[in-house]
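Each of the next two complexes has chain A plus one more chain, namely chain B in the first and chain C in the second.
Moving on, here comes the complex of A and B:
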């Protein structure tokens, strides 16, 4: 099925049926994708990831429901559940000043409401995958927090999939001085060979504090590509953590613009891969103005024939003075067939900067292992301890206690397998 | 900031002399017609009286080049090069009959080399460096050949090696950098005019340092030299390379190829001080330096060490690489790249680990001043067979002034569990505290800057042979003149 047939199939369901601004946006995106197609490995940003297997999945028909949702990861969270890309159940009892709802629902209630923000972050949006998402998205979540509102309980959004395609388009609007935590959980059922192409846009206004965590546990046959595009205003603080456990072919792209003075972003992540899993984390940290700080810490463990890619780029624009930007990527290889390709990049066009990056790749430290074994700890257990410690350093960055506990549990489960 | 108007004046008044190698030597030359076509390739080959296999190799390269595109991935920006608007062969005319000894070399030429500080007269040589001097397209003099021959070392122009040692040239030329390798290497393969050839026999430690001095003199000429160094089992050689060019308003192309071959237990130390004319402060003129350098560590326990100080050229595109094929082989890359005014440098290295227990070290220091752009681009790859492979990479960038840029683009690929790769990079500006400390003790801005930058580069400069290290330290100071701000 091609793009047009696919669009025709869902013309009635598309939330953009009403507002003209959205159909314009959608049409422009469709044209953009059609003219570009999927990027191949000749494109520098895709030199380590081959999207060819995805081509056949792009326009697969959605299945019906992916079944009943499992219990929430977090106790006491406000929760939305999407089943194969479409909202299944909404959140209740939200505090005043907070909207957490489906995109389709929001657009039918007030068609003009999202025009000012959707698709407005330029960075990364003109790329083929986000364009495809814009053209075909049927739903997603909207989180908007009024200025000054602090939401104590975390928000949890589950994307449950088992077949077809899933094009969630998510939008987070954090008002000035607001504070919130949101967890996106992508969960697969069975061995489905479905395709997820998610986009999350983040607009954080003056002094907002936003934590966004993503747990990707899609089915081992699935392809998962995701784009996070963020724009941080003055003194806005943004923390992101990406845990990648599932999927056959995974690409997680982040385009973060530090657009206001005093803005700070911490983008961290962990990838734990087995079998023939492929996971590519591509991060663009853009220091648009001066007096902005950024941190990146990505770590992973690769077993069997797993292949991980890390491409992190820190850009400091001309005259963006007074910058600190740090980046770290560490990978452990457990098998002779695993592969890591790391490309930590710096592009510095101002002089009052302190930027650094570091990358390491190799096997477990033999002396550490020996130390533990010499104290009577069996080898298997010693290995697990060292691996857990290696990952724990990154997980420790997670600012929300309950979420950190969940991540630690999931990492522990992977190690125990 | 501390940029005083006196400094500015002083700098602008000496701006004209800053590049002290900018003179032109008035010498009669013989040139091939302008432009590039198959006839020119045949002309060069005929001029060199080359055997048929060499001509065929050139023609294959030319054929291939016609179908290639100029690489665009480097972070350098320059107007399209018109390959038809240059001379591909230029030789001092008095060389026509071939000088039998240094006494017959055109005195004008000798004076040029004296100005450059290259001791061509053997009796005047205290340093004990054997020199091969390449002027525009041809090698004009090679010193100490007899001495070297006693040790069994062959050191001669490559055009001569094609005649006298065809079996070695045929076997190794293109075996490290094939004629189809990349756009500029392919162009070089078609039109290379001269360069140096070195063969160190088994077990020989070359009794003196070998050196080549490259000089572009004619206007509108491209220089395409090719160097081939073969270090046989258990041999050692230290090789130095220097380059300068006159100050001209138009850009000139320099596309060289350097191939190093190392057998078991062999070691090559290759040092470069690249000081081609960088263009003026507005980016007018200067050399385009597009160079392919690669070493093949074929033997066990072989070791290659690249040290480069890159201060010249308007645009530099250069990645001296090591193919670590032999078990336990070692590759090293020490680099200082200084860019000022509108210079652009995209340089780095590739370490390809194939054999077991291979190790590599990369220390790269980039210094950007003025409105220049400097990029480190490097690849470290552990192949599945590189058991116990080890790499350590450190690249540091120093920014002087707020109009320049410093970029780092490393590629790190590990396909072996037991291989360890470590990479660190930092970018920062020159510290005000350090500058203040030096000034407070009576050093001028520029002396202070030169001292701090020399300290920043020390790890690399100390790898250079002594005579070069002194020159390089001075160069570091000169290249940064006028950039304290």
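Moving on, here comes the complex of A and C:
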């Protein structure tokens, strides 16, 4: 599609209203997207993932309700529910110093409040899909935690979808020394061919401790593209876990800037795919300054004709000394037709650096299977034990006990299918 | 208990067992000795129904049933136990989970009620104490980071929990020093009884000083070449396997 065609589409769909700074942001983003269009496979970062199926869905913005929300995943969470991208119900009884609300309502109450942070992380700005999201997004969640506030109960944001296109725009502002846990749950209804293009921006200030977990269970006909852009200040600790179970075409992109000394990021994930599902995890870990640590541990199990991609890049900037950066990707292939493309990349421009990466792909251990069966464990149960064991170490990284239990349950359900 | 008649079996199209006849009665302990490559391990895998080990002729009858009707897990649940020469490491599967899953699978098959965590731990404690198995071993992945002796003790622990009628112990002595061997042999002897039969496979006579068999058989070139009492083991120790190996092609 040419630039004029895109601009004509945007002219019909750019949301109006809101403060001037937001209109400018949307207009600039629309222009950026129009000049680039959707990335194709000639772009190195998109070599393994073909976005053609979503081309016709970019402007299907006639959101209607996706129906009633299922019960929350976590028993005692503050919960926000979006239905096909529009806020349906808000969180109650939030503690002092915490704001968890929809973007649209936040802007209508306080139009200037997000100007300093929204769309400000460089890594996310120049990319076409986040630009498209910035131009068209009408809602998303805003989580802001005042300095020094520790939020004990986790926060849970449900994005329920069944049709059309939605562009959730999420923003997390973790104040200095604050501590919080947020779960983004993308859940599909039916087998609609809808499109989700989500962006979450995270700003973690000095010493903040933030856990952000994402559970992606979109419908098997859906396309799901998500970009997480994070900026960590001095001594900020960020833990992320990406569980990908749903969707037909899935891309999960993370751009993490370790911008303050002592900052630490752990980005882990599990992908469990079958049928013709495609899931691409693309991670850019940027050690901007010295004395920063990063860990990545991604593991997956692929059956049938599923296709997974793992692209993980660790960049260490010049003079960013005293760095540790580790990356691991392991995939279990249950079928001869399943495929994993794993592409580690290290760009190290400093010399006092400890970096490692490793990637493996293999089949279920037949000897282990025989050992289990020889003890009376039926084959299906034995396979499940070995599959669970394969991803156990990664799941064990999840620092929040209740969230880990939820993830373990969902993983178990997948394996029992 | 077990009746093997004219058993032929191949692995990947190569015939390894070439007509085995063996009868093991209730409560009896038989030893199978033989040189490397004689088919000892193949026999143990055929008895457990491992994929790729194909019976081409003959029959195995276990407690009145044709064993070929049962797959590996059904054989285990029916009371056949294989102690592995090389116990398999299962990283990420905790020993406790493994043992509980196995015991409950077998109990389910036998129509017994599954044990809950408390009942299971109580039962487990009895055996781990006797076999000197530490809590640390139980917390680790199955056999992961275990010494040779720990792995074999773990095999005996599984046998003790699952209470089989018929146990095949494949080279249980391999990789053990004399002290570890004594502990394992004590564990095995404690499980001997009038209702439980065993087939002890070994290359060396040494093990049979500690687990004294009722009968000894020599396996060579896929056949039982000689059978006798426990004194046969001593004779082999003295003379070696020369007479069974010389003059014939390697199996």
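Some points to look at:
In this text, the second predicted complex is superposed on the first by the 399 of 417 C-alpha atoms of A that agree within 3 Å, B and C clash if a C-alpha of one lies under 4 Å from a C-alpha of the other, contacts with A are read in each partner's own complex, and residues count from 1 in each chain.
The definition used in the following text is that contacts are C-beta pairs under 8 Å (C-beta built on N, C-alpha and C of every residue); 3 or more make two chains touch, one makes a residue touch a chain.
Nothing here was measured: the structure is a model prediction, and the numbers come from that model.
Once the two complexes are overlaid on the shared chain, A:392 sits against chain C while remaining clear of chain B. Of the two partner chains placed by the overlay, neither chain B nor chain C lies in contact with A:400.
When the two structures are aligned on the shared chain, A:355 is found in touch with chain B, with no touch to chain C.
Shared-chain residue A:44: touches chain B; no touch with chain C. The larger set of touched chain A residues comes from B, when the choice is between chain B and chain C. In the superposed model, A:317 lies in contact with neither chain B nor chain C. When both complexes are overlaid on chain A, the residue A:153 reaches neither chain B nor chain C. Of the two partner chains, chain C is the only one that A:375 touches; chain B does not reach it.
Within the superposed three-chain model, A:338 lies in touch with chain B and out of touch with chain C [touch as defined at top]. For chain B in complex with chain A, the touching residues are 73, 384, 397, 399-429.
Across the interface of their complex, chain A is touched by residues 48, 50-51, 71-73, 76-77, 81-82, 84, 87-88, 90-93, 97-98, 101-102, 105-106, 109, 141, 158, 162 of chain C. Taken together, the chain A residues at the contact with chain C in this complex read 365-368, 370-379, 381-382, 385-386, 388-390, 392-393. Across the interface of their complex, chain B is touched by residues 44, 318-319, 321, 331, 333-363 of chain A.
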